[in-house]
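Both complexes shown next keep chain A, but they swap its partner, so chain B is in the first and chain C is in the second.
This part shows the complex of A and B:
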């Protein structure tokens, strides 16, 4: 028998290799290098190399569309998300500048090492073609993330969030694993496409077990994505974690979880009779996720908590389009994920700058700390305005508007009018709390002005996010075409 | 190839005149932002005024090129924007929108000149004004429904800041109320629009957001009623039609003078313009069902607005409620839907923009001097500030539609026209004219005549040259539009005639219903034959 993998397989997972190597290097360098060295820059460098290797070996990547004898997908869909994850990781590195110490992160080498590890897990999670690999990816990602949440060592909130996330996260992983075992029992295989074909010839009396399996899988994915009613961890964890990690969770981890959920759920369940059961469940989950997310966000004083609830609401918007995979819903979700990543990273970045200007306060991300920001720091004000309008889906944040347009468009086209109406009404509600940030920035007087200078990496990241929040809306066609092509390939 | 900058510039004016009109203010706003920071704010005002005048000049060029004989959409621009979804960057102007565009570009330099009371952040104030102008012009000129929607939503952003930053004490409440009302209305419109687009795509096989394509769509009556309601909610909030008007007095009272002028002058017209461009042509049968109710709401608005205005003790609030009343006439004239009343309605929108805009400017003049808007604080001003009193009188008379002023022409046409459609409702509406005279003249009486009872009013200074410069163009327009209405009416009318004909034709098509048993819905003959034809083709 030939070897288990070929050298071509290694080229296909080059970014994974580079990132894992980087993660270990960072740990070893911390041990052996005596003087001061720039951990952030090293981590950023590894991320860039991983990105270049992804791009450079794209020829091998697309060849055959699976790797390691069918354990991993290497199709354009995987490629799209690998690129998104790497870009997200890089932006997280840019946000993790000298402010990290003020966020309370002491052990920086470990922090960046875990960050790279987490991205490795996320990429495996997206690429998995087999349930065990899927679970491995999920766990690599999650365990690294639990540690990252608690990486602000002297902050009790950070430790609390790590413990909370760990306890609830391991529960949800176990639930998902149980769902996987039921699927294995029903089909006799772990390879996802094979399960799908086995299920289509399944005897009717097993239907009940299959429904349970669907439900359990959905709980697992729903927990990572932050869907209601599996969202209770999100506000506390988002608020307690160091802000770059919060942004990373809200964007990269959510994107990876949505990507994996779309692929697995679509391959397994979205055909035939199951679709009606499935779409009813998603309809309901999308509706309550949007509504509860938005209503809870209304009363938040902490901007990080507000953004946490808003990210729950946005997951709800995305799932509106998940009901309508036939009418461009999936490509709409991909488009939305990209625009959402840009605006959410930006919003968290600015929140972090503001919060770090008040190191003595315990509620540093309170909305009153934004008072007068629009006049004391005009550039930050303008950027935050763009991000908030984009999240609210109003011009000039055209990217957010176009993203919602694509999502609701797919639902309306598939004749799911009522959920689209719930969606847009929610979007209108959300304007209140997004605009509240602008109320603080422009319409109220601040006592102290945050005077922290903004470093180049941070400024660059925020600038790129802001540009993306506008121009992805002015010229949306290219990205949408890519998304539409990518979802046809899995 | 020779480089010919002048030639290519001229080419822009020939081919892309409407784009130039829309984006000139945006350029001005960006220019303001990159302009080096100066202590003296008047340079910003100069720059903004320059760009306002450039836009006005371009729109005058548009008026010159406008063929007043034709009822078609002119100076068209057309390019694909979002491929695969049939969204186009499509612009055009006809008799209905041409003077609204002129009104917008005409008011903007005046508003810029009237910004002297703005003491803080003048640069952003002016930039927001110019952005608002871009959004309003885009809304008026867009022929693609999605483009329209984007510009429509874009109007929120500058207005939000104008009220919120430079407004009065309750500005935060007022500006959030304004935005949330508008957003709630417009999101439902988006869903209705998407539904329309996909129905159209199903019937014709091509996805398109162009209004010209969408008006060919056929709906069942229930669908039309729901869709019309969704659109009417969005536009009705903007007009505002009673009972969705409550944001307006708040917004007006808190807004700075310039903001009030733009709000009353142009922004409110967007709602009715939306009815004209979208709701009626897309859903003529839904419109037919709703027309009597809209007329009743309009009349309630007229009478209620007038009564509430009468009871106000705050000058600005009084003018704001008078807007509710006046807009009621515009709505009534349009929903009566005959050539005379609809032409009058469009004419009245322009009149209201000019007279109410001027009244807000005058209130601003008073407020700058005394920092109060309470009517009881004033009295006997006529002897101290004669020029001001004269101007105030003229615009008051224009507002209550005295013959020879512009208001008379509009209100007369509206009442004359709508009497043919809704005689009873129109009789009630006429009472609004009387009430209007009562509250405006009472206001004039209380503030201008009698003894000077407040010592502070004794030292009031009359309007200065700058304020006079802002008001004289408006004064001229009051009399020009009042004495020679024919010139403008003759440009508006052809478009209105063909517009009404187009909508009525669609209605005629749709009057003969057949029972479509398969779906249980009333389907339209036209649609059915179309479907049958398609089946035969297959």
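This part shows the complex of A and C:
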């Protein structure tokens, strides 16, 4: 009898094993340890160990490698996103450190345990080579995230955001699942590359069903990524959740969903006759996502809501390049995801510090709370300036500028000039609401807030994000080369 | 019975569930509609599995049922925590988050 998995399979999923073990450890330690203990540090330690184990077994991730009899991809593409997810988890842990209690999160052991679980799900989601595994990864990630959104138990807003995310998230998973069952019906297998080869020899009369299946899958991914018209949950959920979780959703979960969407959609649909249908659909989605995201962000008072719409708009920018997979579009998306993660984490981190300086206000993340910040707390002002410029794609936030250049350049090279023009116009619109934050910080007088000192973990996280937002723009070639290599491997 | 009957039934069930989620305002009913969508998918998986003569689809159904159970426990907990705060299960009463 052949064995179902080898030790090499276990090495390839070592970070998943470490994180799952860590999640259970946190829960058990909460039961058995009397007295105070540092949950954040424990969770951070497990994340670091997972990262080390990923790095230690990097030789196991090579082109065309799979694990567990072909259920998981373990190629460089998986490695890249596993690393990004782990770094994002660690930054979330740094952001969660200080003001978690002020965000209203009481059950900290459960909070960090769910955070690790969520990252496990995200990694499975990215690595899945079979549709049911893809679904399981998606659900492990989503179910943990529903709980995390509602983890500020006594805040009505937090519960409300959990409810909205739960209803729309499980609705979208069900829709995506129906698309999977149609693909299974058309091809007779659930393994993604086998489906692709079965579809290429499919009789023409089944084309209609295939288009429905593509549509349903796209709806499922669109909900998770936050593409218009499936974005309407995002602002409410982002605003109501505890801020570190909002940052985690906007960065890590979005990165995982984009990564899985790129891989699954590219393998299944982006070739042959389907490409023209596909590019039309993506053209339309990217255009309305950018435009509606940016126009809605213009009129927000809440900075968290503004960042939510901005993250919708950024998803639109990324999909501009998805239209041109042949001309470097996919590597541009990967590059942009890394820079976007750095600047979005930073922006949410500062928003959290500012919001927690006004604990008595109900609208703690209102933009008026940023008034005069550039003078009362100059360091925060400088950092926020870097992040806002980077999100807007203006110097000195060179990473955002260069990332956008790669995205639009890929589209132009593939002769989709109109969508690139819409993208550039949208970047111009977005400057208004990003610079609005700077106007508040430097040109309006504000009340002097009781100055909370910013602790080391938070300061470290913000420093790393700010450095990445600048240096990835000054020295982009290394990361871009890695991204370009990684996308050729699946 | 031909495959079509099962698929048409599954599609009808799925559509009822989908329109239920979109049109109804009661969170418990919306949640039941989502469960109905998942069960419609299960039906189509089993039908396709029989049609193709392999077991992949039927095994997939087990995983979907497990996920549905996990979703049910988390979902009901969230509904209860909202109910504690606003004493209502209507979505129209969950209106604190808006522009």
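We take it that the second predicted complex is superposed on the first by the 486 of 490 C-alpha atoms of A that agree within 3 Å, B and C clash if a C-alpha of one lies under 4 Å from a C-alpha of the other, contacts with A are read in each partner's own complex, and residues count from 1 in each chain.
To be clear about the criterion, a residue touches a chain if its C-beta (ideal position, glycine included) is under 8 Å from a C-beta of that chain, and two chains touch if they have at least 3 such contacts.
For clarity, every value in this text was computed on a predicted model and none was experimentally measured.
*Asks:* A:102 in the overlay: touching chain B, chain C, both, or neither? Say first, second, both or neither.
*Replies:* neither
*Asks:* May I ask you to decide whether A:375 touches chain B, chain C, both, or neither, giving the answer as first, second, both or neither?
*Replies:* first
*Asks:* Of the two partner chains, chain B (first) and chain C (second), which one does A:408 touch, if any: first, second, both, or neither?
*Replies:* first
*Asks:* Per the contact definition in the header, classify A:476: touching chain B only (first), chain C only (second), both, or neither.
*Replies:* first
*Asks:* Does chain B (first) or chain C (second) touch A:398, or do both, or does neither?
*Replies:* first
*Asks:* Just chain B (first), just chain C (second), both, or neither: which does A:177 touch?
*Replies:* The second partner, chain C, only.
*Asks:* In this superposed model, does chain C or chain B come into contact with more residues of chain A?
*Replies:* On the superposition, C touches more of the residues of chain A.
*Asks:* Please indicate which partner A:421 is in contact with in the superposed arrangement: first for chain B, second for chain C, both, or neither.
*Replies:* A:421 contacts chain B only, not chain C.
*Asks:* Is there a shared patch on chain A that both chain B and chain C touch, and which residues make it up?
*Replies:* Touching chain B and chain C on chain A: no residues.
*Asks:* Using the touch definition from the top, list the residues of chain A that touch chain B in their complex.
*Replies:* 375, 389, 394-396, 398, 401-402, 405, 408-409, 412-413, 417, 420-421, 424-425, 427-428, 431-432, 435, 438-439, 442-444, 476-477, 480-481, 484
*Asks:* In the complex formed with chain A, which residues of chain B make contact?
*Replies:* 82-85, 121, 135, 146, 150-151, 153-154, 156-157, 160-161, 164-165, 171-172, 175-176, 179-180, 183-184, 187-188, 190-191, 194-195, 198
*Asks:* Under the stated contact criterion, what part of chain A meets chain C in this complex?
*Replies:* 131-132, 135-136, 139, 143, 146-147, 150, 153, 156-157, 159-164, 166-167, 170-171, 174-175, 177-178, 180-182, 184-185, 188-190, 235-236, 239-240, 299-301, 305
*Asks:* Where on chain C does chain A make contact in their complex?
*Replies:* Residue list for chain C touching chain A: 7, 10, 14, 17-18, 21, 27, 30-31, 34, 37-38, 40-41, 44-45, 47-49, 51-52, 54, 56-57, 59-60, 63-64, 67, 70-71, 74-75, 77-79, 81-82, 84-86, 91, 94, 96-99.
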